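One structure, pasted below without further comment.
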Amino acid sequence: MDCVVNCSAYANGRKADSVEIDDIGEVLKRPDTFVWIGLQDPHNDMMKRIQGVFGLHDLAIEDAHRAHQRPKIEAYGEVLFIVLRTAQMNGQNIDHGETHFFLGKNFIVSIRHGSSLSYVDVRARCESTPHLLQKGPAFALYSVMDFIVDQYFPVIAGLEERVAELEDKIFEETSTRETTQLIYLLKRQLLEVKRSVSPLIDICNKLMRFDLRLIDEETRPYFRDVYDHAVRINEMVDNARELLSAALEANLSLISISQNDVSKRFAGWAAIIGVPTMIAGIYGMNFDSMPELQWSYGYPIVLGLIIGMCGLMFYFFRRSGWL
Amino acid sequence: MDCVVNCSAYANGRKADSVEIDDIGEVLKRPDTFVWIGLQDPHNDMMKRIQGVFGLHDLAIEDAHRAHQRPKIEAYGEVLFIVLRTAQMNGQNIDHGETHFFLGKNFIVSIRHGSSLSYVDVRARCESTPHLLQKGPAFALYSVMDFIVDQYFPVIAGLEERVAELEDKIFEETSTRETTQLIYLLKRQLLEVKRSVSPLIDICNKLMRFDLRLIDEETRPYFRDVYDHAVRINEMVDNARELLSAALEANLSLISISQNDVSKRFAGWAAIIGVPTMIAGIYGMNFDSMPELQWSYGYPIVLGLIIGMCGLMFYFFRRSGWL
Amino acid sequence: MDCVVNCSAYANGRKADSVEIDDIGEVLKRPDTFVWIGLQDPHNDMMKRIQGVFGLHDLAIEDAHRAHQRPKIEAYGEVLFIVLRTAQMNGQNIDHGETHFFLGKNFIVSIRHGSSLSYVDVRARCESTPHLLQKGPAFALYSVMDFIVDQYFPVIAGLEERVAELEDKIFEETSTRETTQLIYLLKRQLLEVKRSVSPLIDICNKLMRFDLRLIDEETRPYFRDVYDHAVRINEMVDNARELLSAALEANLSLISISQNDVSKRFAGWAAIIGVPTMIAGIYGMNFDSMPELQWSYGYPIVLGLIIGMCGLMFYFFRRSGWL
Amino acid sequence: MDCVVNCSAYANGRKADSVEIDDIGEVLKRPDTFVWIGLQDPHNDMMKRIQGVFGLHDLAIEDAHRAHQRPKIEAYGEVLFIVLRTAQMNGQNIDHGETHFFLGKNFIVSIRHGSSLSYVDVRARCESTPHLLQKGPAFALYSVMDFIVDQYFPVIAGLEERVAELEDKIFEETSTRETTQLIYLLKRQLLEVKRSVSPLIDICNKLMRFDLRLIDEETRPYFRDVYDHAVRINEMVDNARELLSAALEANLSLISISQNDVSKRFAGWAAIIGVPTMIAGIYGMNFDSMPELQWSYGYPIVLGLIIGMCGLMFYFFRRSGWL
Amino acid sequence: MDCVVNCSAYANGRKADSVEIDDIGEVLKRPDTFVWIGLQDPHNDMMKRIQGVFGLHDLAIEDAHRAHQRPKIEAYGEVLFIVLRTAQMNGQNIDHGETHFFLGKNFIVSIRHGSSLSYVDVRARCESTPHLLQKGPAFALYSVMDFIVDQYFPVIAGLEERVAELEDKIFEETSTRETTQLIYLLKRQLLEVKRSVSPLIDICNKLMRFDLRLIDEETRPYFRDVYDHAVRINEMVDNARELLSAALEANLSLISISQNDVSKRFAGWAAIIGVPTMIAGIYGMNFDSMPELQWSYGYPIVLGLIIGMCGLMFYFFRRSGWL
């Protein structure tokens, strides 16, 4: 499988040519032209060629080749190296992937690792607005970042929905081992999303402030927009986490209350069963002279007494909420 | 429905004219004049016209058109874009809305989304103090912000009252599932209010410090006043949240204590019922020679013994607080 | 009731005159002279007159007239506006009040709201050290602030004492609903004191650093002293809060342990009552041929067996700490 | 009792003379000479004399005379005023004391309050390294500070040991009220040590950076060394606190598990006692025609049945861990 | 045992000579040459010789000789002193060691204390890339630091695996004392790793920014790489800690739920045993006239009634999840 998804030159914001990796050197000499390369899970050789063409730093290439980095931004001389994590809902699970970028004065390389949506649509959208794309590779970077960050909104909406379902479960049903496990799993997922999202804020901040010719004044508001979305996603995650903590506490309270209810109900019924047993026991004693036993109405009277006492107890327990 | 609520020009702090959106260009050429436009849930076309007249940035227009932003302040060149969230009590619930502002050198546009009070009264009050309104559109911004922030005081007073009610419930009644649910719901509401209010502090801070000609030295103390209110609301929310946490902990303790009480009471009564059952059982045994059974006073003595022991147990349990 | 408690002019640190509000303008023209006015719950007119004489800002006057501000310091041009909260023990409760200050180059106005001690003594003490008072109104401000802050020490000592009492209650007696309520109330009081005290640190910090002619180099160590006391009070409050949290956790543990004890004791006695009942039941069966029943010593043997088993159980339960 | 422990002049790092307080003025005129005074719980007069000799600030003298300050560093003109808290193990308790310092260009005064080790040894050690002591009074300050900070290591080692003992108690024995009380007491002690130690970091930091002639470039690494120790002690305290929190949580879990065990064991034995009682009850009924009662092997069969069922129940409960 | 593991001179990145400690002075005079010394648990004399040769500070030598420092970086004039902690899995335990460095313009000394892997391989790898090693001793420092930091990845992977095992234990089995103890032990280990790793971030940060000739522009990206790894390890530790906290909470909930289950099951069976006992008791009463007793089908009817009621109760308890 070829790992080069797309490699095109753009002049004044318009697609000029699909170029081969080895011809890039030539293309970059043209004025107002930049190259946008999209790679997917590239093999070692390809990374070496890319490094050769753009003169990238060893350490960055090493990082870009391995996945499982944390989101970060690093400047190597005139080149920015950026790592982002992507996320997508996949049923009840979240699939995480990674995308790395090399951003230079007249080139951008994006490298996708693991499961993530294709950036074909993003590129097409960019090509349809040449007046924006002519701002250079920084705008291409913005477009992909914006796309990646916006992918988090449905993910978090999904998690929020599950928190809401959890609330219903907690307050409407009895707490089960499954509820507790669900809380735990949601916590773990939120933790993972948090780790992917929170460094984004810092990355966007640096992109907005970098004292570099790479990102010009006009492009910065676009990165501020990505920053704003990242902050919002971050807040939504924090919010969901706080709700989850509150739900956990409520769950614990309700388990205790339910334990109380069980104890009360048990105590009530134990009394209602225990009192007749006691009375019957007394009239089961074998004393020679127990006058009540000879009375003709002794039995029905005692039976009535027992039933009456049980009824009374039932009434009082019910009234005080024990039954 | 027309989405333009009001569109007027002000010269030297006095209302000069109601103007049409398309005539604004003319009006803005006059010296010492600014335009104040109030929109409500504007449709797409209107936003385009507003954008055209004032030369606003694409990204800001996009944000302003969609609701569900987080409170923020952003500078696009000479224009400030501000997003605030509004809140109002509606029975037990809190209705949240949003208001966006574009503030320029000689114009201010306010855009209401969702449920929020009308700003007609604010505008009227401003018009009644021309010496203040002549400070320019920044003063109009202050007036509406002050109005929005002051709306939070009754909201929080309402929440504080419900926390106080909760305290009474916790300490005076038995803990029920409803108490726990109420704590949870209050927590969620406070969380939401917190999210609306806490960015306000940062926004006011920036308005007080912005190195811009938009807000002059004289108007800044007014924004500091809004800042002060925002800080106060924020503190009230934090306070209510801490009280709620303390209430939750107290609630948990009380549930456990109540569980203890149930156990103790149950144990006490179980003993009072169990001891007679045991004694009766013994005198119900069928041994041929059980001398007590032949005694003429055997039965009353045993009965007396049973009653005496029960009385004694009752007395001791009561004294040690188990019954 | 007149709301002017005292209004005097000081020249070179010595009291020159009691002056009328309306004569202040004249007095302030003298060199090395400042005016110190003390107001209590002033009415609207008085505030207007004060505003007129010293040229104070509308917003500050508005704040100073309403109580229930948060402690803060604000500069309006050359005038500082300071809000402090006061506290006093009143039996088991804490009475909170407010004092506002306007500090100018040659005047200081203090405005008391709600319950707080009179500043007559402070003024007298200042007047007895003219070499200090001649440092100007900033020294008068220091004196009152020092007095206010020192009022917190007995308040916190009182709260610490109640925390210590609580400790004794928790570890020496059984946990009751009252203990839990007491923890909650102490938490609430500490929260309130915290809110009053913690902004003091920031206020003193600003007073020590303010780039203003109002507070000269020589007076600053005095504000650092107040700062130091504020930090100390703050730490004492935090300390008490941490102790309270630890006490709460200990309380919860002890409730659970006590629940364990109840369960164990109940289980032990249940066994001691249940075993005789079971044995008696067996010898109460009506089988025709139960040889034990005919034995002459059957009854005493079974009785002995029962008593022996109960004794044994009692011994074992006691040894393992269940009874 | 005289409160002057030692008062000596040092020239070029060597002890020149024991001097009287009143002769200090003379001594300080000599070049390369500094005075090191050690006081213990000084009375008011002595403080006044010290103040007179070195020209110290009123506020500092006031603080130095009263104990119960928080650790701090304050500059009064050319003089530094430093407050440190000392700690020593005393059996299970920790004795806290205070030492205050005045550090000037050519003098250092140390004032001990409450229980703390004598600084005689420290002085002796300093005198044995004249090449270091000639760096001036700052080195003397370093020596005493180092001594004070190093006193905390055994204190914390003692607390860590008690935390380790607590671990053993929690995991090997049953939780008792004493365990809970021990956790609470350790928490309180750690809190107190924390309060004494954590300001040290800030104090050392300031000593390392102070833009003053008091501490020269060469002496700073020594204060960095004290800083390093303070940071380490602080970390050890934090570590012990986190361990304690974890131990508390483990304790709570174990109490609940133990409660579970009690309930299960009780339930098991209740069944083993309850079933025979039920069967015996049935054969104790007085129906005229109960064929089993006439069977010659009725009694042994039922007895066998009862014993068999109890055995079976015992086996199953044991296997499922309830007994 | 000799404590010098290796002592070599490097010229232009290539190994020139193994040198004796005492000849180092000579070697360092050659241009483009640096010396790399590896020591292990050095004795006092060796440290003195090293100090003499490179002119190191007393305090640093003192620290370097004692183990049990916290990770730190300190500049003594032109020499950096660095302390790192190492970690290795050893079955279920983690072995911690320490490595200290002295980094000068043309020398590096590494001192290993306690259990840690040998740096022979690191040195070999460095020698195989002379173009990198010629950057000087800073690159040698980088190589060893990188090696030390990378040792943490398997340690944390091991801890993460144990957290995952714990999850399975918690959600699939019943909570036992062992689970709780395991949580506690994992917490303690994570706490220890955290203490070793978190200061690394600060150390790398300082190495990247130090305003020194020791680390040139070209070598800094390498330290940023170590920084990046340290941040990642730190995040992994924090993540594992948060998961552990969540697991602990889940564990507590599950213990309570399991307690609830025990109570419910007990209550159910108690009812199923108690009701027959009660009925049998009633028909065991000795009244003269109890018509049911004379009925020929009295016994089977009552027996049927008892069995029917028990069956019914069993059905209802099962349906409501109590059994």
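Observations
As written, the chain order gives the labels A, B, C, D and E, with residue 1 at the start of each chain.
The rule we apply is simple: a contact is a pair of C-beta atoms (placed from the backbone, for glycine too) under 8 Å apart; a residue touches a chain by one contact, two chains touch by 3 or more.
It should be emphasised that the depicted structure is a prediction, and the values quoted were computed from it without experimental measurement.
The minimum number of touch steps separating chain B from chain E is 2.
Of all residue numbers used where chain D meets chain E, under half belong to both copies. The two sides are thus made of different residues. Chain centres here are Cα averages; for chain C and chain E they lie 41 Å apart.
The distance from the centre of chain A to the centre of chain E, each centre being the mean of the chain's C-alpha atoms, comes to 25 Å. For chain D, the set of residues touching two or more other chains reads 252, 256, 259, 263, 266, 270, 274, 277, 281, 284-286, 290.
Those residues of chain B lying in contact with chain A across their complex are 57, 59, 63, 69-70, 72, 74, 76, 174-177, 180-181, 183-184, 187-188, 191, 195, 248, 251-252, 255-256, 258-259, 262-263, 265-266, 269-270, 273-274, 276-277, 280-281, 283-286, 290, 292-294, 296, 298-299, 302-303, 306.
Touching chain B in their complex are the following residues of chain A: 167, 171, 221-222, 224-225, 228, 231-232, 235, 239, 242-243, 246-247, 249-250, 252-254, 256-257, 259-260, 263-264, 266-267, 270-271, 274-275, 277-278, 281-282, 284-290, 321.
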